[in-house]
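Shared between the two complexes below is chain A, which has chain B as its partner in the first and chain C in the second.
And now, the complex of A and B:
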């Protein structure tokens, strides 16, 4: 008798659904947790996971992967990579570990919800591995961050962030709690696995990983790629569910879930990855611009995938294409100016050479964002460092939770989209953010942004830093100690000499 | 002004301890963000369904503790060690299967014993899956990351044994095509031997108070189920000359023992908070009778082990006593 192949018994291992007798179906699978759309069970039971892995193979493969990921780390612990890194790369690592580690861990619970409330055994089994994967991602992040902690306390945020009300963390939670954590298992899988993981994790794990390798940060690069190999597997939980929704006449509902999720992810990745790629990564190490990467790896691939499934591009596609030109540039300004409120040490990334690159990649940058940077440069050069830090809090969007920004300069176009709902005024960055709110106001209306908390007297204006759980020694400081403006001394001298 | 660039020895949340934090603590301790605010687990309207759900079932649970994050897994298991551990154990199981297949083990089994295996042995993939789902509920509700992690490993272990059971089901189906291997759903749904466990597990899955759920699962239902199979069925299998079934169940018991270890630690922590004493007693009083009925019904179907039910109940009470609770 020979050993069996996994195909011989795999179907038996996922033949585990039964009809409950001692409690009702509804008690076992409340629709708010399982499937608000109440698709027929016979349909849901046809779930066939595209990426099959057995338990036996899972523990073996993951064991081997970890040997790779952790051994690079051991070699790097001895190197001086961090000490020798540019201030921008340091800022990127500090921000990344604080912003990402807790989200990875948070996702353990999201997959567990699919394991418990999914209606097909195959989905539940793959989500069981999903929970473990996310634990892996959290633990490898924490392990790496702990190495860096000895060099900089900013890495404490890799562990601390989830327990804080820092505005960046609030913004992330508002987004990912919306997509991953507060919906029924099927909607969450469409929004998380299909829209977020399939579409966006490439940005972190391919673009960022390439930049990391260029910078000689091989431990970070290897870690990101290793994580991506798990994402590529568990992200596939979403697709069969999407197909079921389409096949059962629920395409419009599916489209809405995707449209909401894609936009919300876009805002997060734009603010956090966009700034890293176009400002923090050293100029000579950049693989491409954020916009180029978005177009090639995110938009084209995602649209192809959507069309392949018979879905449409999100309705706001033209607005998205406009936003790709500007949003992260505006956020970069805000992040730089409000640096004390961040756990990392932001840099400007706008010396003359970097500006030339930005102008080339984003024509018109100098006439818009560049003008604000000119004022900042002037203030720094004049020693007026205080005037580069705003005294008042920024307006925050009631959807994406980031600063409400527009495009400054000749065509300043900050437009606050407001909505009055049940006696309260809400502010949105764009018609899309407002549209998301309008789809289900009661989901969002009760939430208070940091600014709302101050406006309502819940947080005293001088208690904001404390409310964000930021001790004075944690206030973000300028990552280069303003050294970057020195390049402008030369530029100015040259300009004066040549009379231009 | 660059004073903030100094490093730290450990996470601020672990600073001040008497000893250096272990790697386990560094990557496992105090990681949940959904426990941050008692009013809303999620950063959306406090009145959103899911926020009410966590408020009711975690915040308002029958079990309360001022510091759930004080929980530590006695095995200090982290993800990468879990894979190393289980990869090794799976290799052992591969060896068992290979060796027994080579010796044509199944063909030598007593026909009467074989005939009972779909009911006694392979039908268990359904309750194992119920336990997998129940563990996932603990994963998503537990108010401490150290508890969540233990439950995540436990849930994966359940799927581990479903997989091995599926493997054996197929193998036995090939060896004995007429005995109903692979068609066990009806047995799980209708056979009197299983109805006790079915009732226990269905009611457990529909229990959403996180504290009641974890106690009913790990102090009552899972150990009762595991004792029936991994101890009593394993015994019967040995007596019947079915060494493969016996050895697989004994291997499964090792995972069950890990579950018992963290369960003991969890209950010990829980009992530090005095009011939980009565709460646990109430939970046991509610669930133990269901478990006893399940044990009686299942053991009655086990041939050649007349004392099985008594042995399981004794074993269960010992485990509960080891947890520091008085069995109901």
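And now, the complex of A and C:
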């Protein structure tokens, strides 16, 4: 039987905007779920997917990708890569699988909602493949994590994380529920596909996969590349929609969605990937600093893309540039100090050589972040390990959900941006986090951070670990058993011996 | 057990911490809690020549050391700063 070429039937086959007879158009596509801005249907129907793929071709390609990723994994199963990896790389893997697996799984339903409530047939088609992509991402994550489980119980968090109230997980959920799961199909697509996937995941997976290859972790590197190839396709759902919003006089609304989403993703990305790049990845395996990566791969490219589309840089650009210098350094301190509250085994990444690198990449690091590390180092060298874990809770930001941090040391700059709303005081790290809240207070006001739960007596101060579903044997422990501090003894001995 | 939370920015620290105090705690009591939990942990220990002070964010003057949390009108999760003052300076105020 002769088969038609796909371009001969594709447009007709995917034109599924039928006229409903049993329910009204509004009942079928309520605007709260479909398009709060009510763009005209004729406009939406012009959505032309940049990537046209048939189901048959899709399945064929995806199968090949899976075969590639799983066979590299199988081939390297006995390679002892994990056993021989540096403590930092182990921490990175442990953190990654706990933090990312459930986000992949949740994305399945985010795309499914676009499929159900999107009004453009082309968008629905792409989102269907997007759902299948995310299912694959969730499965490959869970499979890889399961394989690691025999090596470390920390990988159990690939399964467990979303069912806990661990503070890192709450922060992630708050962010991604906001962008992906609690908006109409079009807003969610702008926030998820355009701002998050185009700007961050796309490049994040490239950078992480390069670092993985440098570290000899070829199965992780292959897995990330395999996922990345899907992201590059389904991230493109956002662009045609953005163009329609601009063309129909909804540019300001589009700009706001991007500004909110970009900042929220930035905070997550900075805390989780920034620390991995500048502290967890072994010094000799680093491609560059997180700041360099941000500037080259994210800021330049994202701005070029925005300008290309006729959009502006987010209004907070100068604040973002300042934040790139500091936020992840402060988060790294907190992650290290509060290690029992994390499922992974954090490392410091601040031995003398690493500090020299940090000072070179971030001039002034020693005078600021280094000052807190000095206190920690002194405690470890004096055997006061107890004092390396604070006995009081850190304050969390009511928007990003991570620690409310600033700049320590000699250039101390720590600000709490508060807002009183309906009898409750909210605390934000920055004017941007506060601005996001102010755009739609009722969206965010009901959420209680872990600290709010303690303050309101819902959780007892000594019941926090239990509330976070952390069993004592899961408390994060120091990834190097404090061995990194020995380099300071060596450095001191050398200095004394040479009289310098 | 103390159950009144304040949000404390200890001069030099990288982030705010939550301290549990009482409504009847004085500013000096609050400083003592902060010193106990944070000095020598995230900031260097308090030297004998230094005295800790509480001030509201952006304020230049400290709150009186005997003022209580209730008298100061703090709400739960009130934000404060704790900073070091050389005792020689504190002596000028007669509360070194």
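Assume the second predicted complex is superposed on the first by the 491 of 500 C-alpha atoms of A that agree within 3 Å, B and C clash if a C-alpha of one lies under 4 Å from a C-alpha of the other, contacts with A are read in each partner's own complex, and residues count from 1 in each chain.
We adopt the following convention: contacts are C-beta pairs under 8 Å (C-beta built on N, C-alpha and C of every residue); 3 or more make two chains touch, one makes a residue touch a chain.
Quick caveat, the model's predicted, so the values are computed rather than measured.
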After the chain A overlay, clash or fit between chain B and chain C?
fit
Quick check on the superposed pair: does A:166 touch chain B, chain C, both, or neither? Answer first, second, both or neither.
neither
After lining up the shared chain so the two structures overlap, which partner does A:275 touch, if you call chain B first and chain C second: first, second, both or neither?
neither
Once the structures are superposed on A, label A:390 by its partner contacts, choosing first (chain B), second (chain C), both or neither.
second
Larger contact residue set on chain A - chain B or chain C
B
Of the partners chain B and chain C, which touch A:219 in the superposed model: first, second, both, neither?
neither
State whether A:255 touches chain B only (first), chain C only (second), both chains, or neither.
neither
So after superposition, what is the minimum Cα distance from chain B to chain C, given in Å?
20
Please name which positions on chain B make contact with chain A in the complex.
1-13, 23, 26-34, 36, 42-51, 53, 78-80, 82-84, 86-87, 90, 94, 97-98, 101-102, 104, 106, 125-126, 128-129, 132-134, 136-137, 139-140, 145, 148-149, 152-153, 155-156, 159-160, 162-163, 165-167, 169-171, 175, 182, 185, 188-189, 198-199, 202-203, 205-206
Could you pull out which chain C residues touch chain A in their complex?
1, 3, 5, 7, 9, 11-20, 37-38, 40-44, 57, 75-77, 79
Note: in the complex, chain A contacts chain C through residues 330, 333-334, 337, 369, 371-372, 374-375, 379, 387-388, 390-395, 403-409, 412, 414-416, 418, 425, 427, 451-452, 454-455, 457, 461
Okay, in this complex, where on chain A does chain B touch?
1-4, 8-10, 12-13, 15-16, 18-23, 27-28, 32-33, 54-56, 59-60, 62-63, 66, 70, 102, 105-106, 108-110, 112-113, 115-116, 121, 124-125, 127-129, 131-132, 135-136, 138-139, 142-143, 146, 149-154, 156, 159-163, 169-170, 173-174, 177-178, 181-183, 345, 442-447, 473-475, 477, 481
